[in-house]
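One structure below.
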Amino acid sequence: MLNPWEIKGKTFFEKLGGLHWFWIGILLCLSILIPTLHPIGLPISTTKWTEDAYIAIKNAPKDKVIIWEDMWGMSATAAAEAAHTAVMRILFANNKPFIMYAEAVDTPQLQQYITEKVLKTAEAQGKVYGVDWVQLGFIAGGEGAIVSIAEDIHSAFKTDYYGTPLDKLPLMAKIRNYEDVGLVISSFGSTTWIESSVRQWYIKYNLPIVSYTMTGGATVSVAYYPNKGVVGIIEGGRGGAELEFLGKVYGIAQSQTDAKTLSFAIVAVMIVVGNISYFGSRGKKKNG
Amino acid sequence: MSFTYKSFIPQILLSAIIIVVLLEYVLPAGPLTAVKNELTLWLTLIGSFTFFVAGTTLVLKYSRDLIRTKKLSSVHFYAIEFFVVFLSYIGISFLTGGPSGKSYTYLYQNLQGQLLQAGWVIMAFLEPWAAYKAFQVRSIEAIILAITGFTYLLFNAPSISAAIPIIGTFANWIINVPSLAGTRGATIALAVGTILLALRMLTGKERGLTD
Amino acid sequence: MLNIDQAIKFYCVINMMIVRPGKEIEIVFLLISVAIYLYWVRRSTGVKPIPSLRNFPAIDAILEGVGRSVETNQPVHFGLGESSALSADQAAGTISALNFLSYTARACARAGAKLVIRISPNPHLYTQADALVTEAYVAEGKQQELDKLFTLRYHGDARSYMTRGIHDMDELGTAMNVTMGALSVETIWAFAVCRMKGGIGVGGGSRWGMVFGLAMLADYSLLGEEMYAASAKISGDRTMTTSFLGGDWLKYVLIGLIIIAGIATIAGRYDLVSWIFKR
């Protein structure tokens, strides 16, 4: 596996399928690096479910709080940064108070990183921590934690992520339990967590959910969309780019969509090449 | 008569909790709701405690690795590396204002975060190569998988679906018709399996958990 | 005498006192589930023979792979699944994976094959795997042959699980790769490398989202529920097997409910459908 110059195979078709992983990786890295450094500006389309997600956030009840439950981790910063930033900027731009909490151990660090970035944007000017948003930190227990939070958030958390008691945060006085929640944004770096959110937030308390999932996760979330709990879907980096366009909060997603387009196209081409090699080699073996 | 306390007590606790939660679900809102809410709070406490157990498990594992391996090898290196990182993070957290403090955050975001992301970058080399080598359409099922997977891959390349709208139409059909049916079927099957798992836990027939 | 309206009102009031409003259908289904389960548990303890689960080629393939491992002197690699955990919806799949680990470990101990276990980035599974493998080797009387440092390989993170797993499969050779549990991208890299090294790939996944990888890349796959059924079969536990058969009956009940709802929708009886599903 170590010699990148080695191309296995005797015939042309066998050699076509014998490329070393190094060259494929280099091709992919270039397809990601070049548009990231110099965005090409390829057009993108928006999907109905992202538009619905944006509308749901915009139209969330003003007298209630938005809960943002988050499971993305630091390892997925590159994938999560665009959409996390866009969601937060849209929440600020539309003056929607929100509370973030984490269901994975390294999510608070990601939330902190994103918050520091967003606070430098125009949408965050004038926003006050404790009044416009609160970061609660990590809670263990998975789906059981949702129950605790939904029934009594002040029992589930005594302080926020920075150690401030909740009674010192004005926003926390407005929320006791699920009755004070207008919308749930369920973000997770997997595909199946949405089922837990639907079970707990929607089935029990009839709260609408915006599903913010990783690329490919819409296939699971769509089972509950548009009227079985999930009112909108934000799918990975593409969803982030669409949100930036819809909310006019332009950021890094444009270069990411260019990079995604090129890299996905290359993967698709490689799969086709692999199959041409397979069928070509088989044909030769049958004839010869 | 022997009293197998190691499995008997956890089983009694498990069965009692499942019964309380089930009854609370079934009966109208009442005193059991407060009991269930208290139990779920305890669940989060136990969930937090498992991190302590996990940490202890790792410390024991790497200590054993250090002690048992006589000849100096990479096993020692990994064990020492674990202890250095583990103790450093705990020390920095305790001394500089906890995990939300500046020093810990700086260390985590700029060291751990970058290393974790670098791990993902390795996938950029391996996953496409694995797809290129192994995604071969050898059967009817594989052809169907290839067509649908291909379509969804191109749909998720934002500019390709903007340039070729039929990909978006076909992808939406795949997601909203066959995939949706499969998702719902799989969810139902998972739900049935979970109900049975819960009933086995309730009656002490699930050996994997308490044995 | 009560008239019909009063009788319905009286029934509703009594109903509301006994069951939570809006949960009637769920409670009926739960009671049916309990009844079916109890029936099959009773059958499992009785003398009457129980229907057997069908044969799964993947189970035979594991034994075949162990034999191949002895012949080629290359290890059997067992991955517990990079997303496996004993919580939430991964619990059932992880428990099945642990059953398969026990089965594979016993087969390896019996045949004298080398075994390398990739343990999920979840420390709790380390203790489980340690206990199961030790138990397997003790049961075969081969405790002295168990080298835990070689066999049990814990990786603290999903990416190191992947890179180390690929390194081990490449460096040590791969007679067979068995990957079971809550899988993620492992379905792609593990079986691609296994195929490249000429090994047999056996996989089972409970997270149906990654099932496509198994279907395309594994030589023998157990998709979704098949993994639970095969796990019940290899455990040899009658209660596990009968509860699985009870699960099939539950599915028939659900299929019946879906058919009723489908016919009601076609007939325009949306009130019946919303009464059943309360949405």
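Residue numbering begins at 1 within each chain, and the chains themselves are lettered A, B and C in the order written.
The definition used in the following text is that a residue touches a chain if its C-beta (ideal position, glycine included) is under 8 Å from a C-beta of that chain, and two chains touch if they have at least 3 such contacts.
Nothing here was measured: the structure is a model prediction, and the numbers come from that model.
What pair of chains is linked by the most C-beta contacts?
Top-ranked chain pair by contact count is A-B.
Would you identify the chain whose C-alpha centroid lies closest to the centroid of all protein C-alpha atoms displayed?
Centroid comparison flags B as closest.
Distance-wise, how many Å sit between the C-alpha centres of chain A and chain B, to the nearest whole number?
17
Taking the mean of the C-alpha atoms as each chain's centre, how many Å separate chain A from chain C?
28
Using the touch rule from the top of the page, what residues of chain C touch 2 or more other chains?
Answer for chain C, listing residues that touch two or more other chains: 87, 89, 157-159.
Please set out, as single numbers or ranges, the residues of chain A touching at least two other chains.
Only 75, 142, 195, 216, 219-220 qualify.
For chain B, what residues touch not just one other chain but two or more?
Counting only residues that touch two or more other chains, chain B contributes 47, 50, 116, 119-120, 126, 129, 131, 133-136, 183.
Quick one: in the complex, what on chain C touches chain A?
Per the touch definition, chain C meets chain A at residues 83, 87-89, 157-159, 170, 184, 207, 209, 279.
Under the touch definition given earlier, write down the residues of chain C that touch chain B in their complex.
The touching residues are 16-21, 23, 26-27, 30, 33-34, 37, 41, 86-87, 89, 91-92, 95, 98-99, 122-124, 126-127, 149, 154, 156-160, 162-163, 166, 185, 188-189, 191-193, 195-196, 206, 208, 212, 215-217, 224-225, 228, 237, 239-240, 243-244, 246-247, 250-251, 254.
Sort out for me which residues of chain B touch chain A in the complex.
Residues 37, 40-41, 43-44, 46-48, 50-51, 98-100, 105, 108-109, 112-113, 116-117, 119-120, 124-126, 128-129, 131-137, 146, 150, 152-154, 156-163, 165, 168, 175-176, 179-180, 183-184, 187.
Which chain A residues qualify as touching chain B in the complex?
Interface residues on the chain A side: 17, 19, 21-22, 24-25, 28-29, 32, 42-45, 47, 73-78, 105-106, 108-109, 112-113, 137, 139-142, 144-145, 147-148, 151-152, 155-156, 161-163, 195, 215-216, 218-220, 222-223, 235-236, 238, 241-242, 257-258, 260-261, 263-268, 270-271, 273-275, 278.
Can you list the chain B residues touching chain C in their complex?
By the definition above, chain B touches chain C via 22, 25-29, 47, 50, 53-55, 57-58, 61, 65, 68-69, 75, 116, 119-120, 122-123, 126-127, 129-131, 133-136, 141-142, 145, 149, 182-183, 186, 188-190, 192-197, 199-200, 203, 205-209.
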